[in-house]
Structures are given as structure tokens and as C-alpha cells.
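One structure coming up, written as C-alpha cells, with questions to follow.
Going in written order, the chains are labelled A, B, C, D and E, and every chain counts its residues from 1.
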């Protein structure tokens, strides 16, 4: 804890990350109080003010049915961050574990696990999502499930290749010689050494996961209007570039801020997780 | 009677592209319970390879290794793991750079359930102190240790499991003499107290002289000579052994004299 | 008299860690004249390797390190040199043999290209084939039995001693003015150790190379060094000629060290305290051994 | 047989098994995706009888294993059936659309390697400096909008405001190039028409860049974070102490040991683009397989779905094998591992 | 050489037996000819490949022109007409349903064909604009593999090649990328010099791409699917707006089988609460150009039975409240499912508009995005069909029958056009009468009755009458899409390339 605080305080970039993320989370949590038009998160249309460029009181302009983009972005953070967090919270542990196990244990285990991963990876995500739709209710939860299903194998491959290299290191031998269990070697010895790559990928994936929501909602899975989500806002707005640029640019910047914050934080996290106490 | 550990016709061949390297060539010897067997030999003579095979890090290409009369399987069981420990030659890579010294030291305690849980941290501290390091070092990362300090951590870790046999691959060559003395003493004490057995790989014949019961001399993957320390130093049979002893750097005049004597023998024999 | 090859004056070093600052060097001074072999002996963790790193300018880049004092190389204050000038010295005018050779060689390249890289420091135009020939010659000089195989191997395919010899060959390859040898003998068997020490001695004499020889193997020091500094916990405690030191060790710590050396004649491991208040006694300088006046 | 070839053969063999697995799975999935293929194919106005007749012709009323049997029988003749969407043989469609996409993603893949990796190296080498931050912002921008949004933005900037690049298509209308391989860059060279080659190459730049942005970002970030780790290793200190040029240390000594994650991700990205490039293809009017794939999925064009997915899977497996081999090549310790598994 | 470049959504279907979409229609109208074509500047149909035609009881007899040659050089004969008809029936795809009531076609002599109908069916002549006449000889020479005498009916050949008499020939065709067509110099009516020499018809361009291409002078006519905002900015940049009126409307359909919309009062409440004016504002491009004009009822303005343009639908919240009060369901007891088609982004805005409008009545609702494929699947069962669906429908032949019958006849329930599942005897009767009547007055009366009934029971909200707006460069003049006096009453027919003029700007 002390170490974490020390690392955060010493590196101004990490601190920036903390501040950005705090702002984003704060904005999402207290959107009801901050948003100038809280009702614009829902079923509101205002054709007197639609498709307006940024101007008072619409800081970020209005969308095609006249809702305040700034307010919607604040609310969108809620669902987008939730989506990102949930997907990563499931996909990363699953993918990482499989990759570690396959890479470390080798033999038949590796063979079977990696071929299963291959199958998942080689089916295009859209097909996977569509088939989910055939089988499941089109709710947000199932949408997250679908994204998770297409996400974990990336971590598996990443960690698998790292593990193959790490297991040749002396410290793995040392642990084996001591008689440490496979679980220990995999999770306590090798995993910490894969953390930099995993964390880096995770901080980037946050952006991707937020964006994937747009393709999910294109398929009718996931977030449905009028609930705002950043991915759909960016994606839908692109049709109206360059004229109604604010429709794309502000949600895009909102994602950038979140991803940027997490990335800075990720770098710090790497240092904090650096040494296992 | 077979010893605690016996190697029978053990060979190890590495393939390097098209080429084959016979790192260990048809070696047989026993390690008796409670003894300290030193393995000396030129660099690249296969000492570390033997150590790695004893530990089951890789299997011998030929031959068998038996533990208390049972041939050791390729996949070692936990009891074998506990019974045989290793101090690796390369102290940097044998410590996980992402785990603190304390975490690395605690591992054998946890794995083999040594001591009760709440006192393990203290135990780790004591282990560090035993090898001459302050207990606070348990919070450090290996990167912040000097070469010798790392080596001492590795030794402490091998001792932590309270095993029957410890294979020490150049355990003290990175240590200064004071610490070396201390570690050697510790090793000797533990041997007495717990009846440990050591396979001690080193170049330092002065050390060998002072702690080993028997010495095995290797050259080019072959076992050249195996005898009691006394015998080897008093009357080395093999020319290579004599050369080894003659080359030892020494600090006292008495030692210079001994060296001279052996060198003369060698010249006479040649 | 020309300036010493290396002069260190009042060098201090501390690290900032999350647990608070750690002082490692408490103002040490030492010098090496041209062609001189100077040993730095001392306890493990006493600050030998970090001193070497500072001389090479490697620690200066570490953000958590705080360095004070002066380091002069051939009369030039390293602090005043530009980064480029400092850089130009490395690998050409000074080189180093690392303590842990196996991890100091790059695991993903074979030895040959790494050697090529070293030789290019002195002769940027050297061809791969020429570099290989030269490397093979240098490797035979350090008694590597099959130099060709070693060149085609990765560091993890060589034994510890072989890696160390590779490092030694690399360090000597460009005939530097200052060679820092951080425990060069540790992983070598005694015959090879003797051989390489002899080789280093020849080299040094021939090219008037100065050597900073870091070791705790007092036997080796005795056979190799002209002058010895004994360091204890970041302080120099004794400074003497090699002969003088072994004949008449004056500092309690030096005496302890000497008596702790196991003897080839047997006699067991001596009983010596490894921590003692006495070891903190002030510096003892033998006659004729003093630090030159600062002329920066 | 050299070990690499043997390994390759073995991996290719197992890939075939995976491919069979994928084919069964996708065969099932294609039938689970909502929508009645016959109805969608026949258009909104078809009568129930028409739909029934088509269902029968497609064997849709039979049990799934029997349908799969038909599929295998046809496949053995190299026949993937007729696309209900384009009304052409699926094989013809794939043959036409695959080269266009491959051409695009090969260039995109090269961009990931040639831009992403060096950016990562620069960021790691100048860690904490303005260059590092500039690279960070650039790479994070890449993940803050989907590739097709970048496609639109790039098109607007570099084709609209600054008309430096062509807007759409694979080559200017004025060139008539006979299709030999389907790869326009190659066909133009075969035709010996350098101007056309230049024009075709020029057309690839923007879409490939838009596609590769996210990969560039990932490759750069992963390279950076791993190189930062590697920079702490003793062998880097050794290289420094020998005064190897910093640039060489970065490019060789620290770079190669740090390459594994970036290479893995580039490989995955490369393969994934086959399925994900559709929106970029749409923006740049690129007649590629990805777009075809999405269209057929949305229209539930069974034969075409199965055919496209199989091709994509096969490409994917191939790329993965290459990546695995490359990684073993990059890290000799994997290659020469002595460890019993 | 002049080149005309335009785009549509994919795919371009070249086979006359399968063509349905707007893109397909454009291909058919240029590569093939039909016996009749819509009259220019007014309602009705005029002979084209036919010299003349007459009704004979239920049957119709056509006399062919003798000066017509196919692009292959083969002369047009009655056999080709019979073949074309039999082929479309045999394939049973595309628009073949239009000929359900036609029992057969018969060659009377080389230039005379008789179509035999099973019942009086006045929209038949209109249907013929959807029967492209195919070069039988050429097709027979190019039959692909298949069972039976006709093998594959030339499907393989016709999916990649043209076999018509049209003013343009296929140069190359890739159904997902582009069809290139060139002027047919031997066209039987001749082609004006000003008409484009080459036409590049691209499929699937993104809005932003089209916007850029037109601005850069690399594209001539956009598809009708551009969002109004994009059209607006193109217009602001100086692009001309081409307009195609009539033939279709935007319908908001209510599932009449599920509560609460099985109660007519509830439906009427929604229809009164819907904000027609805002909806139109959404599709407005400029002050005088919009993608829609006010709806007046169930039948688009200009068709038989339509109300005059002045009788525009209007929001009436008071009336809505009264209707709701009469409804047997309480607004707080239900949650309406408003669906929209994922492929048509503007529908999302209408969904939001409805949601906001209905909220004012205290009705809760939930928006669902449905991809087209899923939507077509769901509407096949009344219980899966959403409460509210949004549909753009048009008369594929220009005849009101092809618009209204598939939407509202009880036998047609459960398709994408009829998610109302309307079962109403009066409506059925009116629709059947509309088909059977042959006189204009008779049809007018039938459809007026239908329209009244549709207003009374409100199975749909008649949101607006659709107009297609195309942005175009100034290099091309399209009288049929810019001058009402030269317009055709059939969707897509304005894209007859031979009637366009390249200005050479």
C-alpha cells in the first residue's frame, strides 16, 4: 500500500491517470447532478434544437434528435465502463489462465486447449455474436457474454506465447525443484512476469470493448436506444462527418480520455504489481 | 550397499543443430548418506549438467539415477522434490524478478508445510540472518541485491526445505570470504544437525579441502577420479587432478609449499 | 607525472527506494595509474560493483540513484564530458567483465554476432568474417576448447565458465586503457583461472592497460594485483600494496578477511565474526599509498 | 527432414482437424443464426410455396448430420454451393473477393510491423520523454475510435481536404487490367503496367492505414512495455557498458527479446482483419471478402457463410502457425528447450 | 466519352427472374425492355416493346414491334416473350408473385402473345413493367448444368451477363462491387448523343464516401439512402437534388393481435399522438426538398383512392387522450415494444420520436433494434412480432394493388409488409374489388373505401408519403427526376439512362 502510494506520487503521469479516471468515474456516478440535461439520457426529442454544433448551453452540441451530447456522454460512461469492466473481468482471467496452463504444462493439455482456442479465434466475431443472438435473449448481459466469448482467446494466445518463453527461465526451474505445485508456478511465478503485457493489452482493450458495443447494438444485442453508449455514438456519428463532426469527435474524445487514463494507470499498476510481496 | 543417490552409466547428449555434444559421458557414482561429495572439474566438464539431471530438470540421455535404491522417475514426486534441493549456479535468473526475496524464500516453507503458517515470516527472517543478510531484505526485489546477496538468498532457499540432499552448484564463488566462511560453517552445522548430504560443485579446491569428505574429479564429461579428500590432496592419482590443485591461488606460504610439492610430482610423473 | 587513468574522489552513492533512501557508498576515493593493477576487495554487497558501474557511467542514468563526488578518467572529469564523449569511451577506452556472465550475454543472439558488435566499437568497418576470425582467436586465447562451437552457441548452451571466458575475451578484444574486471575468476576452474589471469597480466603489461580488479578471492588478488583497496560497507578501510597487505594486514576487517580464507592445506573453516564494531575503524593507509591531489 | 519442416507439417496436419471442427461448428451456427435463409433469399414478396420449394432444394428440412453429409460430398468436389445472395457459386465469390482483402490486410499487417514496432521502440528508448508521450497519444487515438471511423476521417483529411490519395476503389477506372491472380498489385506488374501498379498501390494506402491503426497501437504499446522490462536486464547493461550505439541496443538487443507479445497480437490482428475489415472496406468501396462475409451473414446465406468462415479460419490457422514458428525462432530457448514436458 | 457514375445498395441482381430491389430495377430498366412502360408525366402505361395491346375477357393480347433486336443481334419474337414469362414463373423468385393470377403465356404468331389470366386482374398491365424480355436463343445457347429440359434456365449465364434489348449493355458485372454498362448503339429507339456513353453503377458506397466523391467530382448520382443531413450538406455545396415522388410511404405498423394494440382505440390514440410534423422535419433536406411529404391516409397521394394533398395528417393530443380513455387497457399496464431496422439508421430517430410522443400519453415503451434478417423472421409469428414496426413500402409496379394488397389483405398477414396481422373483412373486400375492377372509376371507388376503412381502424400510423431524394453532380441532367412533367410513376424508372444528358461540365 505504501509502495503503491509512493509509486503513484513519484510519477506525475501515474497521478494524471488517477485524476483522469477519477474524473471519469465521478462524472459517470454523479451524472445526475453534473449533466445540464439529465432527462436527455432517455426518451426525449427536441426538434427545435437538433444537430446543433457546440454552443451554450450545449457544450458538445446536440444529436440528431436534439439531445445534449455532453449529458449523454456522462451517462454513456456508466454503461461503457461497466461493459468494459465486466468483459475484461471475465475474459482476462479465463484467457490468461488457459494460456498459462497450456503454455506451461504442454503436451496434450497444450494441444487440446490451444486447438479449442484456435476454433474460437478462427470464427469471426460477428458470426459468433449472431449465433449467440439466435440462442439467447438480446439483453445487455448476453451481449457482454458474447463479447467475452470472442475476447478471451486473445489473452490466451498472448499469455501462451509468453509462458513458453518464461518457463525456460531459471526461477521456474528453481520453483519446480522446490516442489512447488503447478498452480503456484503458473500463477505466482510465471503470471507476474506476464503482467506487463497483460496490463498493457487490457488498458488498450478497454477502448476496444467500449467500441465493440456499437457492433453489438447493430446486431440488436446489447445497449438499446435511448440508453447512451459511447461506442454507438462514435460509430453512428461517423455517417455525418465532416459536417456534424461533434457527433463523433466528442464521444471519441471521451473514450480517449478514459483509455488514456487507464493506460497511464496501467503503467503505474505494472510497477506496483511489479514485485509480489 | 547402494548409497543415498546412485548414478549408473549416466550420459547426457545435447544436440546443437547437426552437432552432438556429449556433456556427460557414462558416469557412475554413489552419494552416501550424510557425506559431502565435492565435484570439481574444468569449466564445461558437465558438472552443472549432472546437477540438473539429479534434480530431474532434464532426463539423462542414457543411464539411471536412483534414490535410496529406487530409480527416479522423469516426473519427480513431491517427496523427491523435498528430498533433493538445488542451489543454481546463476544466481540472477534463479530468483523471480517479480517476487520479493521474502516471497521466494517462503515458497519451500509453504510447499512442504514447514513450520506453522503464522511463524513463517519470522522463519524467513531467520533464514536470511543465517546466511548473513538482514531480515529486512525480505521486502527487497532481487534486482536491488548484489551478486553475492542473491547467491545467499538462493542458498537460504535451498536450506529452507530441510531436504535430505542438497546439490550446490558453485554456491560460494560469488561470496566474499567472510560470508563464505559463515555459509560453509552453516552448511557444516546443518549437516551435523540434520544429517544432510551435499553434492558440492565448485572450483575452489581450498573450499573442497576444508569441507568435503570425498571428491569427484571431472574432465570433459568423464569422471576421472573419485576418492576421499585426504587421498586426493595427499596423493592425486590423475594428472588432471594434480594440475587442478597446482593452480589454486593461495594466500599463505605453507600453501605455496604444498602446491610446489604437487607440481614437482606431476613433472616427475610426466 | 601524467594523470592517473582513473581517479575517484569522495564518491558517494545512495538509492531512493520506496522503503526510504539507502546509502551505499559513503565517499570513497581510489586511483589507478597507467598500467597498474588495482584490486578492490570487500564484503559482498559492500559497493564494489556499483563503483564499477559508476565509472562506466551506467548508474548515472538510473533515476533512483544519487551520486556525488568526482570520477576522472585520464584526467578528464566524467561529469563534464558530454554524453556522447562518455559514450565514445565505453567499449574502446574502458571495458568491463561482468560478474554474472550468463545473464550478461543476450539470450536471443548467438555469441558470434555479439562479439562482432564488440569488435565494431574499435573498428566500425570490420566484416562479419573478419570479426569471427578474431573472436575465435580471442576465445582460444582464453582457453575455450571449441571456439567455433562457442561462437555458434547461445549463452544458455554454454557452461557458466565458458560464458565467463567469452566475457573476458570480449573485454580484452579492443585493448582498452582501463579494464574493470568484476570477479572475473568466480566461475572458472582454477586451471583456467590461472590461465586467464596470466593472459590478462600479459595483456596489461603489453598495452599498459590499467585494471580495476574486483574480487573477494584473496588468493587471486595476491597473485594478480599491485595495489589493494579493502572496502567495507561503502567505505575504504585499508589501502596497501599487495605485498604489504598480505604481509601486514592492519585493519581489523582485513585481518578477518585474510584469516577467513580456507587453506588448501586444510585446517577447517576458521571461526570469525562477520560483523563487528571493529570493522568500522577508520581508514588505514600503508606507506607510499596515498591518493593523488585533485587536479580536476 | 529439417525439424522446422517437420514441425510445420505436424502443425498443418492438426490445423486440418481444427478446420473440420470449425466446419461442423459453423455449419451448426449458420443454422442457428436467426432468420429463414430461403425466405431472405427469395426476397420480401415470395410466397410460402416458393419458400418451401427453396428450403427443399437446400435440404433444409433434413436432419443436421445429413445436411452436413451433403456439404461434405459437395466440398469433396470443390463445390461450396451457390450463394443465395449473389446467386453465384460461393467459390467464385471467394475467389473474387479474397485477393482484394488479402492485398489490403497484407499491407495493413506490414504497416503494423513497420510503423507499430518502431514506434514502440522509440517510446521505450526515450521513455518518459516527449517522444514517448507523443507515441502514447498517437497509439491511444488508434483505439479510441473504430477503424471505420478512422477510415472516414482519413478519407476526409487525405482525400477530401488534401486530395493526396484516391477516395475509393482499388484502381482508377481508366486502367483495364486483366485479372490473373486477382491481386491487383501483382496483376498490374504481370501486365507490365507500372503506372497502373503505382495507382493500385496508391489506392491501398489509406484503407490499409485505417485498418492497421488499432494494430499499430497495440503493437507499439506492447513492444514498449516489454522493452522497458528488457532494458532492466543485465545483458542490456552489458551492451551499454561496451558502448554499443543506443540505437542498435534499442533495435536489436532490447527489441528482439521483447517481441513475443507484439508479434502474437499482430498475428491475431492480421487474421482478425479478414473478418473485421468490412466497414473499412465499405468506406473505401473495397470489394473485399470481409464485406461479403458480413453481407452473407446478415442475409443468412448458408453456403456462403460456411465457405467464407472456412476460408477465414484456414487463413487464421496459417497465420497462427507462422507466428508460433517465428516466436520459437526469436527465442532460441523455446527452440532448444531441453525440458521434458 | 462521357461516364455516368452512380451507386445503390448491394447487390446488383442481373437475372430478370430474380431482380427485386431498387438496384436491380435500374439494371432491368436499362439492360432489358418490357412490353409496356409507365407513361411519362402522368398515370398509366404505354406500349413499348409491344406495338399495342388489348384485353380479351380476362386475357390480354400483345402485338409486338418488329424492329427490335436483342443486343446479341437476335430479333425479338413472341417466343422470347413466352420464354421470359415461363422462366420467371419457373424460377419462382424475385417478383414472380406478381404473375400469380396469370395461368400462362402463349405465342399466337411470331409477333403476337396472349397472356391467360385466371380471374379479372386489372393490375396485370402494370405488372408487365416487371417482366423483362429475355433473349431466348442466347440463353438456350448458354444453359448451365441442371436437371430437366431447361437445365438451370440459364441462371448461371444471366447472373453475369445481359440478354436484353435495352439501351445499355453489360460490360462487366460484379454483384457486390460494380456493374459497368455501355451504350447500345443499335437500340431500337436510338439513344441520344447526350446520354452517357458508359455507366458505372457501384454498390454499397458509404454515405461519407459518396459525400466526398461527389464533392471531388468523382461521382454523379447518389443513392436515395443518404441521411438527410448528408444531403443537406451536399445541397449546400451546390449539388443538385433529384427527386422521385409517389409510389410509396413510410408506415408505422402496429401488431393488431397483441394487447394493447388489438384495441382499436389504443391504436387510434397512438396515431393521434404521433407528431407528424416533427417526423417530416427530420427528413427535410432543404426548405423545399424533403424525403417525405405529408401523408393524407393509408394510400399515398397520387394513387387511386388517395385523399388530396391538403388533407394532411396532424397530431391531436386531445383526441389521443380521448381514444386512450376509451381503450380497454390502462397505459400504465403495458410497455410497448418499438422496433427499428438496424440497417436503416433514420428509423432509430422515429423510434425515439414515438417514444417521446407516447410518453406524453403516459405510455411506456422500449426500443429494440432489429437487423433485417431477424425482423423478417420475427414477423412470421404474431406473438413474436413487435408491437410497433417501421416500414418503407412502395408499389413495385406503380399500381396501388402491389402496395396495399400485400400489406393489408388478411391472406398476406405475417410478412415484413404486414406485421399488423390485419384481419378485416371490409378491407379484404375493398382490396379484392380494387383488383377486379377494370375501370378507373371503379378502382377509384374501391380504394377510397379502403382508405376510409384504414383510417377508421388505424392498423398503421401513416407517417409520411415518401419521396426519394438523390444528390447529383451538375455534370448530369435527369429530366425524369427533376421535372414533374417528365416524371414516371414507377420507382426507379427515372434512372433510364438513355433519357439522361451529360452536360460535359
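Points to keep in mind about this one:
Heads up, the rule we're going with is that a contact is a pair of C-beta atoms (placed from the backbone, for glycine too) under 8 Å apart; a residue touches a chain by one contact, two chains touch by 3 or more.
Just so you know, these numbers come straight off a predicted model, no measurement behind them.
With respect to chain C, maximal separation of chain centres occurs for E (centres as means of Cα atoms). Chain pairs C-D and A-D differ in how many C-beta pairs are in contact, and the one with more is A-D. Seen from the Cα centre of chain B, the chain whose own Cα centre is farthest off is E. Centre-to-centre spacing of chain D and chain E amounts to 38 Å, using the average Cα coordinate of each chain. For this pair, chain B with chain E, the centres built from the Cα atoms lie 88 Å apart. Centre to centre, using the average C-alpha position, chain A and chain C are separated by 50 Å.
Taken residue by residue, chain B touches two or more other chains at 14, 16, 57, 90, 92-93, 97, 139, whereas all remaining positions touch fewer.
Counting only residues that touch two or more partner chains, chain E has 206, 208, 371, 374. Among the residues of chain A, those touching two or more other chains are numbered 133, 168, 238, 241. Listed in rising order, the residues of chain D touching chain C in the complex are 233-235, 237-244, 246, 248, 252-253, 256-257, 330-333, 336. The touching residues of chain A, counted against chain B in their complex, run 169-171, 173-181, 184, 188-189, 192-193, 195, 273-277. The part of chain D that touches chain A in the complex is made up of residues 14-15, 17-18, 21-22, 25-26, 29-30, 32-34, 128, 136-137, 140-141, 143-146, 148-149, 152-153, 156, 160, 214, 217-218, 221-222, 224-226, 228-229, 260-261, 263-265, 267-268, 271-272, 274-276, 293-294, 297, 305, 309, 312-313, 316-317, 320, 323-324, 327-328, 331, 333-334, 337, 339, 341.
Per the touch definition, chain C reaches chain B in the complex via residues 15, 17, 19, 41-46, 48-49, 99-100, 102-103, 145, 149, 152-153, 157-162, 164-165, 183, 186-194, 216-220, 222-223, 246, 256-258, 260-272, 274. Note for the complex: chain A touches chain D at residues 13, 105-107, 110-111, 115, 118-119, 121-128, 130-131, 133-135, 154, 157-158, 161-162, 164-165, 167-168, 196-197, 199-201, 203-204, 207-208, 211, 214, 231, 234-235, 238, 241-242, 248, 252-253, 255-256, 259-260, 263, 267, 270.
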